[in-house]
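Alright, structures below, take your time with them.
The two complexes that follow have subunit A in common; it is paired with subunit B in the first and with subunit C in the second.
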Partner chain A sequence: MTADLLAPVHLLDAWRARFEDLTVELAGRHDLAITLAPSTAALAVRVAPGAAAVAEVALGVPLPTRPLAWEPTLRGQSLHLGPDEWLVTDVAATSAAAWEAVTRPALAAVGAAASDVSAQYADLRLQGRAARELLSFGCALDLRPASFGPRTCARTLLGQSGVLLVGHDDGEFQLLVRTSFAGYVAAWLLDAAEEYR
Partner chain B sequence: MTRLDGHGRIDRSRTLRFVVDDVAYTGHPGDTLASALLAHGVHRLGTSVKLGRPRGIGAAWVEDPTGLVQIEEPFPEPMLLAATVELTDGLVARGVGGRGRLAQVPDTARHDRQHHHCDVLVVGAGPAGLAAARQAARAGEDVVLVDDRSEAGGTLTGTETIDGRGSRDWAADVVAELAASGTVLHLQRTTAFGHHDDGYVLALERRTSGASRQRVHRIRAARVVVATGAIERPIVFEDNDRPGVMLASAARDLLHRQGVRAGSEVVVFTSDDAAYATAADLHDAGARVTVVDVRPTPPAAGPCLERDIVVHGNAVVTGAEGEDHVTGAVLGDGRTLPCDLLLVSGGWNPTAHLFSHVRGALRYDPELGAFRPGEELPGTRVVGAANGVLDLAGGLRDAVGDAAPAVVEQPRTPTTVLWRVPGDPARQFVDLARDATVRDIERAVGAGMTSVEHVKRYTTIGTAHDQGRTSGVIASGITAELLGRPIEDLGTTTFRPPYVPVAFAALAGRERGDLYDPVRTTVLHDRHVAAGAVFEDVGQWKRARHYPRAGEDMAAAVLRECAAARTGVAIMDGSTLGKIDVQGADAGVLLDRLYTNLMSSLKVGRVRYGVMCGNDGMMIDDGTVLRLADDRFLVTTTTGNAAVVLEWMEEWLQTEWPDLAVHVTSVTDQWAVLPVVGPRSRDVIGAVFGDVDVSNDAFGFMTWQDTVLDGVPVRLARISFSGELAYEVHVDARYAPALWDRLLEAGRPFDITPYGTETMHVLRAEKGYPIVGQDTDGTVTPQDLGMSWVISKKKTDFVGKRSFARAENLNPQRKELVSLLPTDAATTLPEGSQIVEFRADGALPPPPVPMLGHVTSSYRSAALGRPFALALLKAGRSRVGEVVHVPVGDRLVAAEIAPTVLVDPEGARRDG
Partner chain C sequence: MQLIPCPWCGPREQTEFHYGGQADVAYPDDPAALTDEQWAHFVFFRDNPKGPFAERWFHSAGCRTWFRAVRDTRTYAFLPGSSA
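Our next item is the complex of A and B:
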């Protein structure tokens, strides 16, 4: 019985309509859209120093080593978070737990680790010409395209919440937020957009 | 009216109404409150702070030491300078007696902030700043240009010629070019108030559009160009604080910006050339002007001769006549020149504050008679008048070198430095805002002070709203004269941020109300709200404290929730628990070193409670550890310490033990944790997870098992923080709401009761389980808590071990955790209460009364049918059975000392 299956929730579901209202309200005056991306499977990958090359073979996903870089993978993203730390997502993995179970032995063999963090992040997208300015109201990073373009990611603060900020093509920004802070960040974004209302 | 047709850049087509000291006036857009008052001939504003002397408008911008007002409308703001308040319709203000008044109503206006990054930040949009910004923009650089006035151009009046154009037309051309460049952010009404390391500048914008009243811009620039001009300084004479005494530059500024002639009978007292332009302009505007020049041969008198302006050379003004307003200037030879405006010009102090903020040293320039930037700083350049280059052509060249536009002007002659004229030092005001006189400096020097920093603090000169913009250097000069030492040796006091006063509301920005501090919520938050939970803040988390039913207060709700957990089944949201995934071949080694007990011996499938101590042997956290695999543990921490423990682990791994093959990853938000507690919890868990054998033999205490529910992995663990039979249900947080509903549904036959943190606290206290941070405070060891059993005797070392052998740690008089049972079986002792020895007479003796300890936790117990408390008490365990007194209000409450475990001391309830 479908009704009996455990149903996952998106923590920011309650905010979806308010974000949509904002885009409609600003249409024609300010180019800004805040949307929620669907939850994906995600692994936090930790690698021993210098072992990224062997770890990416074990993982089957590239691990970019340039600081603040991320790469698209066949089915998701591979984001470089720190000298020995990556976040790897997979939109197609139906069970992150199974993915973790398969991956972990191969990674462990090369001194690396993987943890299922699929429920750990809410994924927000900011699009439109006003997106960069909106972020500048609470993020101290240099977000000029030459400094923070597509394929760039950084853990930083937005307002008072830690976020993982990810640059995409066309000036789009992805915000990966710890789910417990997602409500704060959603409220913060809407409040920041008061400037345009 | 002294508003002149044909002068000024105000918008005369619109009239603004305002009220000052209960009198209604009118002004125009482009006016400041000061200019609009002066247009009506009003100089006077309030009285001085100490002596109650009349105060007036003394300058036209932030350097004014006196023209302070209390704004009443549109919103109460204390101590603003009339000279810097832009006139708005409906403005209501009054002069102050040296002190303002904070608003009694909340300010609803919005304030915010914005971050910027640029190649060049130019501070000041006068001629030098405009030229520097244009040069950078033409080179394709990202430029931010900020200026504190309402329009660009600085002190250009329009009478100058730059590149063959009227100076204001030239400025307008540059502004248009910057706007068209696409790489320049140009902000007027924006005051750079702090300059910090690595090109970080804070600037406050007074906004005229957008959602916020003010905005703090946080600008990170590769290079900073300081083009902030110079501020004229006065010369000190008797009664120089009378309303109608003003800086000469201010009168010229008012004339050209707002078309206001601040007086009609004008005496200009000067030792510098610039005042002659003021004299000529005021004469041309219809005033009768007399110049009194300190210098024997006034060098710039030419324009005055053309205009029949009388110039007294080799002369000084020694005093001002008049009380509420100046009526005359007393000359050194005893003559009095009648006047209604006495202008003063004693030279110029470069506005090098932003250079000083980053520790740039200022150097006294005798030629200039002022302090100017005295060294090169990487990344910061000071140009134009701020660098002591006072002429227009020189300033432009200083800013952009050979790219400077062409200017023709009279060469300047040096200022003659004169700090003060002879006179009664008690009536010679140095800092008008502080009522501080030359006499006060004499006292400071007489008291033996030789440092200008000491003199500043002794006299308070330079500590008011204006930070001594017109008085600081003069105070140095007079101090030097009194000491008979050159001013070069004394220097001047240090400029520190902020350059201008900044409202706290602006600094707070949007971090107020709901956004004051992030509110963290679990995925079940909406469920708790719907269930009517009362929340409490635990760190940044909102946690359900209790779930009152209709008519229940907290005490009643908690008694009911506790009873459910002890007699039926209850459920809570424990998702805020910190969780750390520890993986790697050396995972057990790491945990053995950080926990006081042995973790590496834990078998897969089992759970162990552990305690962590700091280097000092004091307890910093506790929690359970689940061994998930040979090379993997799930560590849980207290809610408030999740980040602390993760950082603690990372610090050790990265700094001391990089050889260990371990990785630690926070998974706090990944897993929801739902404790199901009580004698009927086995029924509920068994009903929901049909695949799991929940019998005690198959699923023992402190073990865990994985299962799958509708395809979703779930981990169950027999962990109890209440002493009751209990299961923790761990699930991917996205599925937690559905699983919560499922557990409630399955528990309905047993009247399953959601419980909050308050009930959790009572249940654990009844079992003597301490809470780190409530029953401990950073001075408490595991032994103090009666937990010697958690300290491994097998391990050769672990963090904190060495401290356990310190003499003080072995002191039998250390405070130990015990429980207290008020003998009246009725009083709930307030947490934090002090404990004293029992007094047979029931009265507290006179102080000092030795304090034996304090109450750390205190509750009413449903299981015991009485209140009880946990307490840290000197040598407490050796005193079980004795009675002590606890002062509560003005009475002493007797309480018996008891062991910490009050409910089910034999642990019979654990397995159901």
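Our next item is the complex of A and C:
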């Protein structure tokens, strides 16, 4: 057997049925759906102050300058996580290692760095009108659209776990969780959703 | 819960931060030239004012950057505009 016969399995695959049960049970009553999104190739990009514009060219992906902003790219997302830090994803990249290998020298030339962090996050999606309230049970950010609208992303705490929270155009919340905390966050979400059952 | 103003993220809950002690403690120019006593003063001795105190804070659960802020030790209030 060779490695390419292995099918990717979501880190939280064991939780999938419970999220589906929840979504079915709440349908029409509370409008909440929690789904698992396949993980994508992702690079952590660190850029020296003032070099974002040149790094953007070397990377071939826009790097949003506004704090806590993200932009869709041709094949993924570009998220501004900190003053010198971005997370760039690519749904089409078959090998993150190869992507890193071509990106790294191009970025090094402009004083920036890229690291393959594809295995770092599990990706969950929360949809429906109750999604914002559910998250606010364990997250201190003001998640109302006026302050946390579409194209906004923030690393913060959900319960006891650090998460990367990403707002989408259609009111959907994307939750990127460190792999070692994914089980905790899955359990936390189901527990918080007991409120609606 | 107290909010701490991160210069990049804006106000966030205190649990997202780690305290970094007194700000503006300069590393000695020539550490090897210091006596043990002078070195101990650099490593361990800190001001303990009653009133405004310049401190280092790390936004560990957010943008993961260090910043400097002035906090009044009597009230815990961060001085407006002091985060940088």
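Odds and ends about this structure:
Methods note: the second predicted complex is superposed on the first by the 189 of 197 C-alpha atoms of A that agree within 3 Å, B and C clash if a C-alpha of one lies under 4 Å from a C-alpha of the other, contacts with A are read in each partner's own complex, and residues count from 1 in each chain.
Keep in mind that, in the parts below, a residue touches a chain if its C-beta (ideal position, glycine included) is under 8 Å from a C-beta of that chain, and two chains touch if they have at least 3 such contacts.
Values in this document were obtained by computation on a predicted structure and should not be read as measured data.
In the superposition on chain A, contact of A:119 is made with subunit B only, not with subunit C.
Contacts of A:81 after superposition on the shared chain: subunit C is touched, whereas subunit B is not.
Applying the stated contact rule after C-alpha superposition, one finds that A:197 touches subunit B and leaves subunit C untouched.
In the superposed pair of complexes, A:187 makes contact with subunit B only, with no contact to subunit C. Of the two partner chains placed by the overlay, only subunit C lies in contact with A:67; subunit B stays clear of it. Contacts of A:156 after superposition on the shared chain: subunit C is touched, whereas subunit B is not.
Residue contacts after overlaying the shared chain place A:39 against subunit B, while subunit C stays out of touching range. When subunit A is checked against subunit B and against subunit C, the one touching more of its residues turns out to be B. Taken together, the two structures place residues 84, 140-141 of subunit A in contact with subunit B in one case and with subunit C in the other. Across the interface of their complex, subunit C is touched by residues 67-68, 81-85, 140-141, 154-157, 162 of subunit A. Those residues of subunit A that touch subunit B in the shared complex are 4-11, 14, 39, 44, 46, 48, 84, 95-97, 104, 108, 111-121, 133, 136-144, 147, 159-161, 178-181, 183-184, 187-188, 191-192, 194-197.
The residues of subunit B lying in touch with subunit A in their complex are 110, 112-117, 142, 210-212, 218, 220, 510-511, 514-515, 517-523, 525-526, 541, 576, 581, 583-585, 631, 661, 663, 665, 667-671, 709-713, 732-735, 737-739, 742.
Contact residues of subunit C toward subunit A in the complex are 1, 8-9, 12-13, 15-16, 61-65.
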